[in-house]
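Input: one structure, supplied below.
Each chain gets a letter, A, B, C, D, E and F, in the order it is written, and its residues are counted from 1.
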Amino acid sequence: MAIDLHRFANPARFLRITSAIFPWAAIVTVLLLAVGLYLALFVSPEDYQQGQTVRIMFVHVPAAWMAMSIYIMMAISSATGLIWKHPVADLSAKAAAPIGACFTFLALVTGSLWGQPMWGTYWVWDARLTSMLILFFLYLGYMGIWGSFDDQSKAARAAAILVLIGAINVPIIKFSVDWWNTLHQPASVATMDGPKIHSSILTPLLVMSLAYTSLFLTIFIIRVKAEILGRRLRILRLANLEE
Amino acid sequence: MDKFISLIARDIRLAVRQGSAFTMTLSFFVVAVTLYPLGVGPELNILTRIGPGVLWVGALLSCLLTLDRIFQADFEDGSLDQLMLGSLPVEFMALAKIIAHWLTSVVPLILITPILAVSLNMPADGIWAMMLALLVGSPVLSLIGAIGAGLTVGMKRGGVLLSLLVLPLYIPVLIFGVAAVEAAIAVLPMGPHILLLAGMSLGALVICPVAAAAALRLAVE
Amino acid sequence: MDKFISLIARDIRLAVRQGSAFTMTLSFFVVAVTLYPLGVGPELNILTRIGPGVLWVGALLSCLLTLDRIFQADFEDGSLDQLMLGSLPVEFMALAKIIAHWLTSVVPLILITPILAVSLNMPADGIWAMMLALLVGSPVLSLIGAIGAGLTVGMKRGGVLLSLLVLPLYIPVLIFGVAAVEAAIAVLPMGPHILLLAGMSLGALVICPVAAAAALRLAVE
Amino acid sequence: MSTLNEFLDMGGYGAFVWPAYGVSAIILASLIVLSVRHLRMIERELKPIEQDRKSRRRKKTLTGDTV
Amino acid sequence: MSLTAVNLRCIRQDRVIFTDLGFSLKAGEILWVQGKNGAGKSSLLRMIAGLLKPASGEIQWQGTSVTEDPDGYQNQFQYIGHQEALKPVLSARENLQFWADYSGNRDVSAALTQFELEKIADSPVGIMSAGQKKRTNLARLISSPAPLWILDEPVSSLDTHYINLFKQQLEKHVAVGGMALLATHQDLNLAGSRKLDLDTVKASS
Amino acid sequence: MSLTAVNLRCIRQDRVIFTDLGFSLKAGEILWVQGKNGAGKSSLLRMIAGLLKPASGEIQWQGTSVTEDPDGYQNQFQYIGHQEALKPVLSARENLQFWADYSGNRDVSAALTQFELEKIADSPVGIMSAGQKKRTNLARLISSPAPLWILDEPVSSLDTHYINLFKQQLEKHVAVGGMALLATHQDLNLAGSRKLDLDTVKASS
C-alpha cells in the first residue's frame, strides 16, 4: 500500500505551494473587501435612474461573474483530469463546486432583490435568469454525482462528463441578453469595445470583483487541502484494514 | 417503544450520513416546480393562479421519487428480513420507517416551499396556508406511499408501477390541499379543508401501516 | 450497419414482449397530465392557457421515468458488457439503444397527446403544432437522457440523481416546444421555434452518443 | 444621526439593498466556516493514523524489513 | 428444547423445490443442510425463520406449531442470511449496536472481541472487505444471543483462520445446549453434526 | 498467437486488489485463475477483456499492447462473465441468435446441439433453471467462436454431467490451438492447465 501514496506525491508539493500562497490570499481578500465595500457603500454616487439600488450591483455582478468563471475553471480542470489522469485536477474541480454554487445562489438572490425595485417583481422567466438557474442546477447535479459514487476515481470521471456537457450553458448565460430580448441589462463592462459605464461605478465594481476572486482563492485552498487529506485518510484507513 | 425510537433514529442517522439524499430530493422539487413557470410562461397573474397546484404537484412528484428509499435499501442488504424478525410488530416497524421517511424526505420540502412560492409570486398569506396545508396533509403522502413502496420493493424497475399505484391515491390530498391554499388566498376560511386533510392523515395513519406490513410480508418471501 | 439494426430490432422486440412497459409509461403520462386540471381547477380559459406547458412537462417527466430502461436492464444481466465488447463502436451501440428508446417510450406519448390535448381543450391547430413540436423536439429527450442514464446506471438509487442531472438540460426544449405551440395557437408563425428544436436535436445527436459512451465505459468497470 | 438613517434608508430602497449585502455576507461567511471546520475534522482524524504509520515504519526499519 | 419440521413443501414460481421434507433438531445438535445451487437450502432456512410460508407442512417449536403461538418462537432464534444486514455508512460498532438495541440487548464489545474486530470496529463498513463484513455480521450471534442459530452460508468469503474461529464459536454454542441449522457448500466437518441432503430429498419425492 | 500480461495492478475503490501481476498464455494452453472471494479473479478477467482499465501495467496480444491496436485484439476473444447475458422473455435460440448476429456470425443450431439444448431451445429463458441458463450462455462460445476464451465461474450451478460436457468442449478448443483463461472455485483438474493463484500474488507484493 506504500504504492498508493505515490499517486499523492505531487499533491504533497501542491499542498506546500498552496499553503505558501494561503496567508497572502487571505490578507489580500480582507483588504480588497474593506476598500471595495467602502467605495461601494459610501463613495460611489447613486444612479440617476436606478437610485440607491445601483449599490446592489456591487455584490450582484461580481457574484454572477464568479459563478460563470468558476464553472469554466471546473470544466478546464475536469478536462485535464480526464486526459492526464491527474488526481489533483479532479479534486480541485470537486473543491470548487460548492463555492461556485454559493456564488450562483448569491447572483440569483441579489438579482431578485434588485429585480423587485427595478422590474417590479422578484423573478421573471427570461433567458438570462433561467440559464443562470440552470447553472445552479448543474452545480447541484455535479455535487450529487460526487456524492453518489463510492468509487472516487469513477465519480471523478462521471462528474467530469457532466461538467463538460453543461459547459454549453455558460455562453448561453453570457449572450442570452443579446440573443433574446430580456428585461436584463446587456453587458456594459465586459464588452468588445471596452467598458461603457462611468468610472465612479466601474472602480468599486472591479475592486469588488477582485475581492471576490481572491476570496474564492482563499476558500478554494482550504477545500482542496481538505479534499486531498480526506482522500489520503481514506487510503490509509483501507491500508490499515488490509493488515 | 424504545425499539421504535431506535429504528427511527437509525433511519434519520443514515439519511444524514448519506447526506446527498436530502439535497437531491430538494433539488428535484425545485427543478420540478420551476419547470412549470417555464412551461406556462412568465405572466404573473397566471403564475399566482396556478401556484398552489404547481407546488402541490411538485411536492407529490418529489415525494414519489423518494418512496423507494423507505424499504428498498433495507430489502437489498437483507436488513428488512432482520427487521421483520425482530420483536417489534411489523406494523410498528413499518410505521417507524414511514415516520423517518416523512421527517427526512418530506419536511425538507415543506421548509423550502416559501422560497419557491415567492418565485411563483404567491401572496404572503397564501404561503402560510401552503405550509400549513403541507404540514397537515403531507403525512398522507408518506403513509400511502409506503404501501406502494412495500408492494414494489424488490422489483427490478418498479418505479413506473409505483407511481401508478400511488399517484391516484394522492389525488384527494392534492385537491383539498390546493383548495385550502386558494381559500386562504381568496381570504376565505380554509379551516374545513385543513380539517379534511387532518382527517385523511389520521385515517391513513390507521390503515396504511397495516397494509404496508402485509405488503412487506409478501416481499421477503 | 446490420449489427446496428439488429440491436435496435432486439430492443424493440424486448419492449413488445414485456408489453407492460408501453402501458405503464402511457398511463403515467395520462395521470401526470390529469393531475394539473385537478390542481389548478377546471376553468377552461386557464386550462387552454397552460395546456401546452402541462403537456410538455408531462412528456418530460414520463420520459424521465423511462430513461433507466435504456441501459439498466442490460447492465444488470451483463448484456452491457457483451455489447461493449462487440465490434460495433460503443458510440453507435449507445445511439442504437437511444433510437430504440425513442421509438418505444417516446413515440407512444406523441401518439396519445391529441386525446389529452382535447381534454385540456386545446384548439385544433394547437394540437397539430403540439405533435409536430414533440416529433421534432423529443429526440433530444432520449439523447440527453441517455447521458444521465449512462452516468447513473448501476447506482442503487440513481433515480433522483438522474432527474437532477437531466431535467435542467431539458429546459430549453421545454421552453421552445411550448413557445412553438403557443405561437401556433396565437396564429403566429411557429417556424423559427420548430427550427430551433430541430437544431437542438441535431446538436444532441452529435454530442450525446459520445458522452453516453464515455459514461458507459466507466459504468462497466 | 439623520445621516445614518438616510444611509440605512438607501433612498427608500434599504429593504432591498441591505438584504442583498446581508445574504452575501451570511452565505460567504458560513461557507468559510464550514470549509474550515471540515478541514479541521479531517486533520483531526488523520493525525493518529499518520503517527501510527510512522511509528510502525520505524519499527519495521529497525527490524530491517522494508515497506 | 426442540425444533421439528413436518412434511415441508416449498414451491417457488410454480416450481416444486422440495416436498415431504422433515427433520428434528434437539438441544446440542447441529444440522448441516446440503444441496447444489437451487436445491432450496436458503428457501428452507427462510421457512424455518418464518420468512417464507411453507406450501404445506408445519414447523414445531417445543412440539407446538409456530403458527399457533408465534410469540413462543419469537426471539428463540437468530437468522443470518447470505447477505450482510449492515449499512455501509455506519461503523461496525454502530451497526451491531443498532441490532442489539433492536433485539433488546445492550453490550456489543464482547461480540466484537470474539470475532477479532476491535481494530476495525470504528471504520465504516462500506470500505471493509467481504470477509470483514461477514465477520461483523456473524458477531450478531454473540451480541444478540438466541438458542437456535439459522445460518445461510456463514463461512463464504472467510479464510481458514476465521472459519476455525467461527467453528469454535459454533461448538461453544452447542456445547452449552444451543442448536444450529446451517447451509454451506463446503464441509466444515463439525463434531456431531447431522446431514440433510436436499438433492436426495428431491430425488426421493 | 499469444496473450501476455505485464505488471498489472488493480485498484478498486482506492484498495489495491492485486499488483505486479504478470502471466503469459500461448496457443493450446489453459490458465486457471484461483483465489478466495474478493481476491480479484473477476476483476482480472474483466481487465483482460478490456472492460476494466489496469491502474498500471499492460496487456499484450501477439506481443503488441492492446491499447495500441485495439482492433487487432477485437473479436479475438469471447468473454463470459458470471452473469448470464440472456433476456428472460426471449427463447434460448433467440438470445443466441441475437448475440451471433451482433458478433457477425450466423448459425446457432450447432451450438445448441453441442450443449444439449435443442429440446428446450424454444422455451423462454425466464422459466429455465440456473443450470440451463448457464449452458445457454456457454453455448455462445460455439455460436460465436474466438481463439481466446475468458470464462468467469463457467461451471457454477452446473451438475457433474454438464461439467464434463463443458470440459470436453474446452479441451477440444485448446486441442485445435485455442486458449482459455478461466476462474473457478472448484478444481476441474484439466489436462495441461497452469495455475495462477491470486492470494499468493497479493501476499508477495
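Just so we're on the same page, a contact is a pair of C-beta atoms (placed from the backbone, for glycine too) under 8 Å apart; a residue touches a chain by one contact, two chains touch by 3 or more.
What you see is a predicted model; the values in this text were computed from it and never measured.
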Shared chain contacts [chain C and chain D, defined touch]: A
Label of the chain whose CA centroid is most distant from the centroid of chain E: A
Chain pair showing more contacts of the two, A-D and A-C: A-D
Distance from chain F to chain C - Cα centre to Cα centre, in angstrom: 37
Cα-centroid distance, chain D relative to chain F, in whole angstrom: 51
In chain E, residues with contacts to at least two other chains: 127, 129
Junction residues of chain C, two or more chains touched: 76, 161, 164, 167-168, 171, 175, 221
Numbers and ranges of chain D residues touching at least 2 other chains: none
Chain-to-chain touches, reported pairwise for every pair that qualifies: A-B, A-C, A-D, A-E, A-F, B-C, B-E, C-F, E-F
For the chain A and chain E complex, residues of the former touching the latter: 150, 234, 237-238, 240-241
Sites on chain A touched by chain C in the complex: 130, 134, 137-138, 140-141, 144-145, 148-149, 154, 157-158, 161-162, 164-166
In the complex with chain A, residue positions of chain D that touch it: 10-14, 16-17, 19-21, 23-24, 27-28, 31-32, 35-36, 38-39, 42-43, 45-46, 49-50, 52-53, 67
Parts of chain F lying in touch with chain E, wherever the complex brings them together: 13, 15, 36-38, 127, 129-131, 156-157, 159
Of all residues in chain B, those that touch chain E in their complex: 2-3, 6-7, 10, 13-14, 17-18, 76-79, 81-88, 220-221
